[in-house]
Amino acid sequence: MSAIIAALPVYARLAAMVPKTVLAYRFNIVMSLISVLLQIYLLRVVWSAIYAERTDVQAFPLEQLLTYLTIANLQIWLVNPQPAWNVQQRVREGQIAVDIARPVPFPGQMVAQHVGETIGVAPLVAAALPVAFIAGSLRPPASVESGVLYLVSLAVAFAVMSLMGLLLGFVAFWTLETTGMMAIFRFANLFFAGGLVPLAFFPSPLRTVAEALPFQTQASIPVSLYLGRLEGADALRALALQLVWLALLGVLAVAVWRRAVSKIVVQGG
Amino acid sequence: MAIIAVRDLVKEFRTPKRAPGLLGAVRTLFTTEQRVTRAVDGVSLDVEEGELVGYLGRNGAGKSTTIKCLTGILVPTNGQVVVDGVVPWRDRQRNALNIGVVFGQRSQLWWDIPLADSLELIGRMYRLDRPTYRRNLETLSGLLGLEPFLDKPVRQLSLGQKMRGDLAAAMLYEPRILYLDEPTVGLDVLAKERIRSFIVEMNRTRGTTVLLTTHDLKDVELLCRRIVLIELGRVLYDGAVADLKRRYAPFRQLVITLAVEGALVDLPGAERVRQEGPQAWLRFDPERVPVADLIVAATERYPVRDIAIEEPELESVVRQIFAEREEPR
Amino acid sequence: MSTLSLYFALMTAGLKGELQYRLNFVIWVAMGVIYQITGFVFIWVLLSRFQQLAGWSLGEVAFLYGLRLVGHGLQLLVFGYIHMLEIYVREGRFDRFLVRPVPVLLHVVVSRFPVGAIGDFASGVVLFLVANGLVAVDWSPPALVFAALTVVGAALLEAGLKLIVASLSFRFLSTRSLIFVVDDVFNNFGNYPLKIFGGVAQFVLTFGIPVAFIAYFPATVLLGRTGELAVSPLLAYLAPLAGAFVFGLALLTWRHELPRYQSAGH
């Protein structure tokens, strides 16, 4: 732990290097953001049609639902398991051996890179907000308290996604063929985080499954806090759940990393 | 009628001018300023059937661009190209049937299937009937020694084996013209030898016209009788290799080894360039002083143990030509 | 005709190559299936809770989805790798295609076998058959022919649009991510009855990016719902022609842009 703190300046510099690479890939990034905005629009249209002339959905008013979906999708796009791809790329290109030999722990390097990338891309999201407002819907948080809780929850969500990204990336140490797994993960993440259908509308068996998975911490919990759908004791319980997942994934990540490193050392990369 | 006829070939490339930095990137979105480079600037060339021509130039001189126009990969900005009666970029498929192309380090073979399967596919693509295909495959396999690795997927082959496979693929359908783009790059001496003798064989027995671009001057020296030098998109020299040497490096060297050390060798009509112990190097102009005279004079005057005649190296000749170009005008 | 046999020979070679990596092959096919199924899960969850979408039952939406998916799978099987064009150009592998006695476009498309497409196509067929059990469609011979034409037309339309974007890469170098966006639009918006969209959006999705012609219009014909169309039902009956038209346009674009190829460096 102290090693990590000592390495913070290095991490910061690593993170700062990233926005330049983001600029180089800006076309691709903008295109994928446009994809998300289109998806938000589609969700708005479909849900509006579903809600037409319906009286049994007061529990989740349309405007609130649309704001939920808009923020959730933007968030899922921004806070993603990017380390998974980064780790996989380094393993595939053989740079991993060099990375591990550095004085700074490799997982930390990946997280630092993730932070940098997210910060680098954040301005794009900010610029896209007006479009998102038109494509879907945007409302301010239910209250100042909700807003604050949201930000805290968002930070935890980022940490959780970072860890999940690392874990997915570590799989690359055992198998080179990871594209399929990533595709499934992306959909599972989107679906079970409530990005397409809010968890509240899941049929019971599916909902039980969703609530047992970490994906809900990604968007469902933070955005529910934002909208004030979770308040008081419920809110704290939700945050606690996020933290539990954070701890679990942290422990898992450390354990898997130790196995991975020994594998490299034994095999020579 | 030349089989390859090139008249005033011009090829310009347009690249958008990019300004550095973030502001520059934004500006590039709005302006359409372009930089125009003339890679080929008025090249004219005739190649008769059955010739073996070396096409030489430094990186960026325009030689790959010329070849790409000849093979139909690029469409020229100006000028005419006719290859065996076909305009390459207009009649791409007809042109393809006439030519074989081997790119130095980019194999045309399919990666994951055995070499034999690749060759069969090529046979199909070029519409060879079975008997012809089988006959040609046998001949080429024998000439290039493909037998041992015909059943291996191409990704498992060494560079030399891949090159041999590519040559077989290129010659399988007996094209009238063979374009070779740096075919010996990265190969060891033995492999180079093998490739060179194959090219000579094809040229000799089948009358295949060969256009060879290369950096390796040994290739040119051993294979080509005619050489075309290109620089800055223009033809610098187009003629026989021998003439090139004679014009730019008219001297030969006589290397005399004495049986007994001691004397400094001097011969009329020759200039002693160097002497190390019993070995002397003398420079002379073969146009003015016949070699025979020198040898007779040497053996008369000195106890000669060995005599050798050295030609000027094409490499130094070419280097000299390019050096001349660098001089301030 | 010899072009066709050459096409099959080249595809078989590609397939053979892919089969070398047996586990990979299975994984990719499975991925294709899973990817499409996960796409459908959204609609399933939605409609199991809400029963109908703009008057379309789950069965009818599934029918539309399945119909589109079959066309999409066909497009992927035949044309799946057109997005590789940009990569070939960047890696210097495209030159080779220009010196072969094979139409360049054919060569690019056939250069690899899109294994995943088998999964996409298969799941489309399955979904369509299942959906058929949930709706009442009169499968008269004309209806069957129309459905077949729809599938082909859908494939041509998607392929055509991808081709237009790919052709532009000769001029603009990097259009691959644009291809994926186009793909996305089709994959997402093509599955829904168009009437849920407002007037402007409907217009854009009909005459802008012609998503409507892929499966929605034909589905309305087969399900007898042409009454709900904002445009003349005639357009729905002629839907497959749109695919032919777009593909023809795409071929012209390709032919026009190919001479601009600059063949970077060595």
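The chains carry the letters A, B and C, assigned in the order they are written, with residues numbered from 1 in each.
To be clear about the criterion, contacts are C-beta pairs under 8 Å (C-beta built on N, C-alpha and C of every residue); 3 or more make two chains touch, one makes a residue touch a chain.
Predicted, not measured: the structure shown is a model, and the values here were computed from it.
Asker: Could you pull out the chain whose C-alpha mean position is farthest off from that of chain A?
Answerer: B
Asker: State which chain is most central when centres are taken as means of Cα atoms.
Answerer: Of all chains shown, the one whose C-alpha centroid lies nearest the global centroid is C.
Asker: Mind checking the centre-to-centre distance between chain A and chain C? Centres are C-alpha means, answer in whole Å.
Answerer: 30
Asker: How many Å are there between the centre of chain B and the centre of chain C, using C-alpha atoms for each centre?
Answerer: Between these chains, centre-to-centre, one finds 47 Å.
Asker: Can you compute the centre-to-centre distance for chain A and chain B, using the mean CA position of each chain? Integer Å is fine.
Answerer: Taking the average C-alpha coordinate of chain A and of chain B, the gap between them is 56 Å.
Asker: Per the contact definition, I'd like the list of chain C residues that touch chain B in the complex.
Answerer: That would be residues 2, 6, 9-10, 13, 16-18, 20, 92-93, 95-96, 98-104, 259, 261-263, 266 of chain C.
Asker: In the complex of these two chains, what residues of chain A are touching chain C?
Answerer: Touching chain C: residues 27-28, 31-32, 34-35, 38-39, 42, 45-46, 48-50, 52, 54, 177, 179-180, 183-184, 187-188, 191, 196-197, 201-203, 206 of chain A.
Asker: In their shared complex, at which residues does chain C touch chain A?
Answerer: By the definition above, chain C touches chain A via 23-24, 27-28, 30-31, 34-35, 38-39, 41-42, 45-46, 48-50, 53-54, 174, 177-178, 180-181, 184-185, 188-189, 192, 196-198, 201.
Asker: If we count contacts the way the header does, which residues on chain B are in touch with chain C in the complex?
Answerer: 13, 59, 64, 68, 71-75, 89, 92-97, 99, 101, 103, 106, 108, 110-113, 117, 121, 124-127, 153
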